[in-house]
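Chain nomenclature is as follows: A, B, C, D and E, assigned in order of appearance, with residue numbering initiated at 1 for each chain independently.
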Amino acid sequence: MSLTSSLLYLDGVTVSFDGFKALNNLSMVLQEGEMRAIIGPNGAGKTTMMDCITGKTRPDTGTIYFDGTVDLTRLDEAAIANEGIGRKFQKPTVFENHTVRTNIALALKESRSPFHLLVSRLSREQNTRIDEVLDTIRLSHLQKETAANLSHGQKQWLEIGMLLAQDPRLLLVDEPVAGMTDSETAETARLLVEIAKTHTVIVVEHDMAFVRDLDVKVTVLHEGSVLSEGTLDHVSADTRVIDVYLGR
Amino acid sequence: MLEVRNVDLHYGAAHALRSVSLTCRPGEVTCLMGRNGVGKTSLLRAVMGQHPISGGEIVWDGKAFGASPPYERARRGLAMVPQGREIFPLLTVGENLQTGFAGLPPAQRRIPDDVFELFPVLSSMMNRRGGDLSGGQQQQLAIGRAMVRRPKLLLLDEPTEGIQPSIIIQIGNAIDYLRQRGDMAILLVEQYFEFARDLADTFAVMERGEIVMSGTRAEMDEDKIRANMTV
Amino acid sequence: MLQRLPTSRFRSIPVFGALFCLVALLMLLAPDGARAQDGQDAEELRPLLSGLDNGRDFAATEAGIRAIAATGNPAAAPLLRALRNGDLEIRKSDNRVVLVVEEGRDDFAVDPLTGERLGELGRRDTNRISINNNIRNLIDEVVAGLTLRAEDPAIRRTAALEMLAAASGDNVEPLRAALAEEDDAGVRTTMQRALAASILQSDAPTEEKLEALETVAAVGDRQALQLLNRATADAELAERSAELIRGVERKLQMWEFAQNIWFGLSLGSVLLLAAIGLAITFGVMGVINMAHGEMVMLGAYTTFVVQEVIRQNFPELFGASLAIALPLAFCVAGLVGILIERTVIRFLYGRPLETLLATWGISLILQQTVRVIFGATNREVGNPDWMSGAFQLGGLSITYSRMAIVIFALIVFGLLVLLLQRTAFGLQIRAVTQNRKMASTMGIRTPWTDALTFGLGSGVAGIAGVALSQIDNVSPNLGQSYIIDSFLVVVFGGVGNLWGTFVGALSLGVLNKFLEPYAGAVLGKILVLVLIILFIQRRPRGLFPQKGRAAEG
Amino acid sequence: QDDDTIKVGILHSLSGTMAISETTLKDVMLMLIEEQNAKGGLLGKQLEAVVVDPASDWPLFAEKARQLLSQDEVAAVFGSWTSVSRKSVLPVFEELNGILFYPVQYEGEESSRNIFYTGAAPNQQAIPAVDYLMDQGVERWVLAGTDYVYPRTTNKILEQYLKDSGVADEDIMINYTPFGHSDWQSIVSEIKTFGSTGKKTAVVSTINGDANVPFYKELANQGIEATDIPVVAFSVGEEELAGIDTAPLVGHLAAWNYFMSVDTPENDAFIENWLDFIGDDNRVTNDPMEAHYIGFNMWVEAVKKAGTTDPDAVIDAMIGVAVPNLSGGYSAMMPNHHITKPVLIGEILDDGQFGIVWETPGLVPGDAWSDYLPDSKPLISDWRAPMSCGNFNTETGQCGGQGASGQ
Amino acid sequence: MTTISPILLTRFALGAIAILLVGSLVVIYLNLAFDPGDPWHVPTYVVSLLGKYLAFALLALSIDLVWGFGGVLTLGHGAFFALGGYAMGMYLMRQIGDRGVYGNPLLPDFMVFLNWDGLPWYWHGFDMFWFAALMVVLVPGLLAFVFGWLAFRSRVTGVYLSIITQAMTFALMLAFFRNEMGFGGNNGLTDFKDILGFSIQARETRAALFFATALALCLGLLLAIWLVRSRFGQALVAVRDAEARARFIGYRVEHYKLIIWTVSAAMAGVAGALYVPQVGIINPGEFAPANSIEAVIWVAVGGRGTLVGSIVGAVLVNFGKTYFTGAFPELWLFVLGALFVVVTVLLPRGIMGPFFGLIDRRRQRKLIAEQQESAARASAEREAGVDPDDTAMARGGAAE
């Protein structure tokens, strides 16, 4: 696999906290347009990996390239976001004092320059786009509500909505369906599959039904490295995966 | 026994619970279901005393809680695993567990072995700060912490959220085991239908602040409930 | 008139009340008193007494003193000491020289030679015999001559030290004589040094002086340096003394470095004491506690009140006044803290920035309250005996008060760390401040914990006030002068990190003391501030930042 | 009833950092006014004190001055302590043509038509003190002060004066510290070192207010006795000493124009009245209080002389008024709006009082413009007609700008 | 803190501007058109006092911008205010010319008697008003820029930032106290004569200064409205509430903070410049940390993040100070202290809180009604068999 054809390229990434290796020589490659599901035990390093990609955590060693040439380990969070990497956090974080609508508006794909924002207003297309996103996440009726007043699950949805509005090339989605009902979970899977047609996506989930619905290649992380990779059926059959993750 | 009688709850002008009634008995698991934002967490908050109720009453062991604060309810045998984990981020795992000692008789001020049996990862991370744990580890810690209090009523708000499948199975077993012991009432909020169905003795489904359906396990009609939980 | 009592020169604190006064009087008369009681001898001095009072003609007074000293009468030394202490006065009614003794609130006249009581005195019944610093020096000198062979070795030592300080050729002979019969080793050494110093001032032969130079240089302090410097004027001694001077100076330089570190540490412990309560109310609880300084002030005023009560009623307890004040200050400040927490702060959890506003208001109220009760002026808090003066540790001069504060700060800090890190209460405090709602859900009585924590922080500030009352003003402004430094220390060390506060305080203290000699106090302080600002750029969360997710979450 | 009373403004800080010194002055003014009223008031009217609190906040001084003059329409104001507060109110008094009595020793270099300086100018305090010490054989000098205008100017004058008297550069050490400086360890130890050369050394202290207590405590702890290195202070009086245990400080000096220990019947009466008024036997009196005593009596005399409280008339009547001071003489208002005073040197006693060890043979008139500063030397002040100028330049024969616009 | 809708903020602010303009003109008219003694006359003393309050209000407004909307609790804004004040003070000093006591045409008096032999370089240019006016904005702006650039880039936040702003103003205070700095030390700059050729003591000049301050405050409000209502303002609030989150969607947090911080500092500088000629003195006391804290407190009293609140708070507290220091000189600290405590405990959103709150509650009730309606519509649709989500989902997925 060449460096240039891949959208995301991790090689030998290691992160340790006071000697504990959260990521251990992790390597992974993602092609443009690919969707990848990542599973693995609690503490396997899934979130830490996303932290490394988005600049929240600096790896001790290893390289991370985006789009073939961009060395993400040298950029800060904002620069990485502006390269086209968007993220939904495991613990929903939204702008609590803004309305749901403004939250989406703030995430819209656009220049983030303060001077631009000082003089520009939202265009009609942008407003339409916000409406669409609100519809998608089913929060239209709450669009004027302050985000602080949302329930846990509603915030999850809002985060997904912000990610949609941001429309990045690479989406990192950490546990999108936690706290959702089964049918919402199914809907979300459909939504992600739809998005993946035009985007590159990494999804972390513990909900196997959901992962099955995605029907994509699965990587199993364990103790900071890849334990197994393949279709869900393939990895589910792996006894090591069963031992450390799925249970019997 | 917990009896929630016609409870109302407001956030400012927003009416989050509308005359909700519910009963939880020792040795039973009561399962509360419903879509996002219907008021499940609000009901647990009301029971725990984290948010004042604006109408109705909550009776525990024959005595109404009135306006008593959470720590009094905790001392009367309630414990809660809240949504969002609410781990004390700068306390170590061990210290997080020890916060449960407050008000316990000295003899009980030790961490029950079940906690580590159920969540072995905690014992290996006793000195790590709670905030550093991964999401799923924090969820495990939150459950363990509630168990330290040896509650008579355990409130679980989506306890399986973010937890790996093998441990979900164990949590299910644990809840089952606690129920079997017969001295504990359990109120479980759960979105994951199968998990809920396997555990529930009684159930209730909420919609927009109201309980729209309830009954015993036998009365749990999967289709009807699913219909109610569909978006 | 001020109801202050005369003090003996051997005790640097004012002594209070009748009992103490008598003790002082006895001390005054005791040393050579055994012989002084021999009335006849003492009466020899009576005609000379009048020579002491010459108004502001100090030259005449000097002559009078010399005349008394020349008698060699054993009663002369105590008499002159009384003069030096300002206890000799002229009774206006009969122009008689009397010794004034205070007992309680009353003054009595006592015959300075016989100790016979001559009756009570009113405020304006007597005039103090005027003396000035030159007279004091003279008295020290002649008394040293008179007491060089006293019975008490301590007094002989003092005399020798005095002669060392005021080296003069005239002392050579008396010192030699005294040395001949001296049997106390310590006093001998001092006398030998004094003798060497005196020889240098005399017209002794050069060899003798060269020998004396060595003895003096061996002392190695500033006084020695001064003697050596003087010796360089003598051509024959110049070379050797210059050599010796270099040696002494090198040594002194080294000691100066050590002295700076000590100064820094002691300033640091003052900062630590001032900041440590804030490390709890602000660092741990997150209350931007602008009233912290006023808690310190309350502690200082508690000390004042305690001392006042002791002065009035139990003067013999004065030495223990600080020990009594400590728990009281803790309670007073702590209770006020609890009161503040219960009435104001508790409504503000979750709104940390607003605590700034409320506590600012509280600090204004507390300041003005104290101003109304105690007045706007400074109040006197005395240093007990054991907190006064300094001792010599090699070339270091360490004042007792500073040392006491350093030790005290360490103890307070240690106890606090133990409390927070090792006890259940400490755990509850930390749990409550990190997540109040969840702590309550875990069964922790949060209102209780909140009140006690705030009370603890305030109480610790209060005991800091006891210590600070020993080195600073006790005035309504006391708190204001520490609040900024306290916040700086806590933030510099890292909010919520007690060890950070500890290291922060000490390192800021040392830094300050090393900058001060070069930059001056003003510029030094500015530099410290600028360095802190720059340091925070490098470490935006203080000296010991919390790392990892926990800190951000 | 407004017309039946003459209002007197009292402009002293009752809160903030200066309250510690100024509150007493407010009290003494209240006492003086009460006494005057008991004597039948002034011009047949009762005096009424208008007290405001400028809170140690300098712009607030200006605001309060304005309020006193234009809203309360007071006949005279007694107030200010720090130089900056005086500088802040000066334009206000000139603009609204009010009268201010300023009772504190200061750096000089000022003479306003509307201000009467009843405290000491440098030649009434600093220079005599240095003279005295030279007389006592002092050869080496530490000029230690708080870093602000009064010490800076005073030290500038003293430095020049010492050099004129033949003191070498290396025998002068100058040290400045910030306001409220509380850690004196290094400086005291430096002074100790500076003083250990064998030459007799003294410290001339212009250390202000709060910084003195820790300074003296450190002196005492490090064992610097007055017999070794005496400290002569210009800002330390009885009130400052009331906060310290003075036993270890016996012999250190202060130069003032008044001490509580002055033995005169006037002073006895003043002290008695004061203790009565304040109801606390432990309170002391000090120099600025005497200055207000003098200033107030001068104003009373001048108003009587003018027969009105009209500022212009009173200002003119003030010059030449002489009233008894508390040390047994008469102080007179000079044409330069400064007064004549005796200069006393006192040594601290163990009871917190000062024993007077030296006294100028006669009264010293205050000099607004120091002779030891080059630009100030040619200036003189004379507010009598026809000169009517606070800063007449004897070299150019002209009156400087301020005097001209002050009219 | 909850955010008040920008529309509401704007309405209040526009109202305030109207009141300010009309009110100040009325005051000036009453001052100039009637003679002292006339019951309608407003004394000049009051005009200057009001001018001082308004200068403080501008300072408070500048603090509300950084604190209320940028989330930076500044405990050092007094520094910018004082620097602006010094810049103006230096101009006013130079205007004295040879009318100083020593008649020196070049050097201010305090330099003369401390034997300065020339004007320090940084005093040059201040004889020109335009230059001084530029410096009023530039000096605080530049200091803020450098300070902010360092601090925000290093991600100094929260109390750490607050305390180093305090350290900054404290250090400046000590520096300006030093006589060697050449700013008159503790005495500062005083005894001004003219401004722009007009006597500073003239009634008309005072009225003009007062009006200029009112005008500056109005302009400040307009600027603030523009900043806050723009999308920049929204992003700023997002940065304030969730800095890290904002970074992850690409906002350069440090730029946003730096801009508002610098603008605010310049605004504070203007406030200081207007303050100085009206009170007649600038001295290092203005740098005192307590002053900065007090200014923050005005904002908190009025209501943080409400713009108008900061003005109300500044005027109210300072009026209280003026009144109480005169009426109850011995007790005013109790009154003021109690005011602060009571406002915090009873009015968590400051004095303006209840006003905004009333309108806010009405809005919320409307909102809830709307929500219920649309939720009901949705479930009706669901029951009718139309799946609204299907269409939404398709759209959401297709759109880029």
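Points worth noting:
Rule of thumb we're sticking to: a contact is a pair of C-beta atoms (placed from the backbone, for glycine too) under 8 Å apart; a residue touches a chain by one contact, two chains touch by 3 or more.
Please read all numbers here as calculations on a predicted model, not as lab measurements.
Distance between Cα centroids is largest for the pairing of chain A with D.
Closest to the middle of the protein, by Cα centroid, lies chain E.
Counted by C-beta pairs in contact, the busier of C-D and B-E is C-D.
Chain A and chain B have centres, each the mean of its CA atoms, that are 29 Å apart. Centres computed as Cα averages put chain A at a distance of 65 Å from chain C.
Note on chain placement: the centre of chain C and the centre of chain E lie 46 Å apart, centres being C-alpha means. Chain B and chain D have CA centres that are 75 Å apart. With touch defined as above, residues shared between interfaces to two or more other chains in chain C number as follows: 367-368, 480, 522, 525, 548, 552. In chain D, the residues that touch at least two other chains are 14-15, 147, 176, 178. With touch defined as above, residues shared between interfaces to two or more other chains in chain B number as follows: 14, 132, 231. Residues 14-17, 19-24, 136, 147, 175-178, 180-183, 185-187, 189-190, 192-193, 196-198, 210, 213-214, 217-218, 220-223, 226-228, 230, 239-240, 242-245, 247-248, 250-251, 263, 268, 281-282, 284, 347, 349-353, 355-359 of chain D are the ones that touch chain C when the two sit in their complex.
On chain C, the positions that touch chain D within their shared complex are 1-4, 6-7, 12-14, 56, 58, 85-86, 124, 127-128, 130-134, 136-137, 140, 165, 222-223, 225-227, 229-230, 259-260, 263, 266-267, 270, 367-368, 371, 375-380, 382-383, 388-390, 397, 399-402, 470-477, 480-481, 512-513, 516-517, 520-522, 525.
The touching residues of chain B, counted against chain A in their complex, run 11, 14, 33, 35-37, 41, 83-84, 121, 128, 132-137, 139-140, 158, 161-170, 191-193, 226, 229-231. Those residues of chain B that touch chain E in the complex are listed here as 12-15, 208, 231.
Of all residues in chain C, only 424, 427-428, 430-431, 434-435, 437-447, 496, 546, 548-553 touch chain B in the complex they form.
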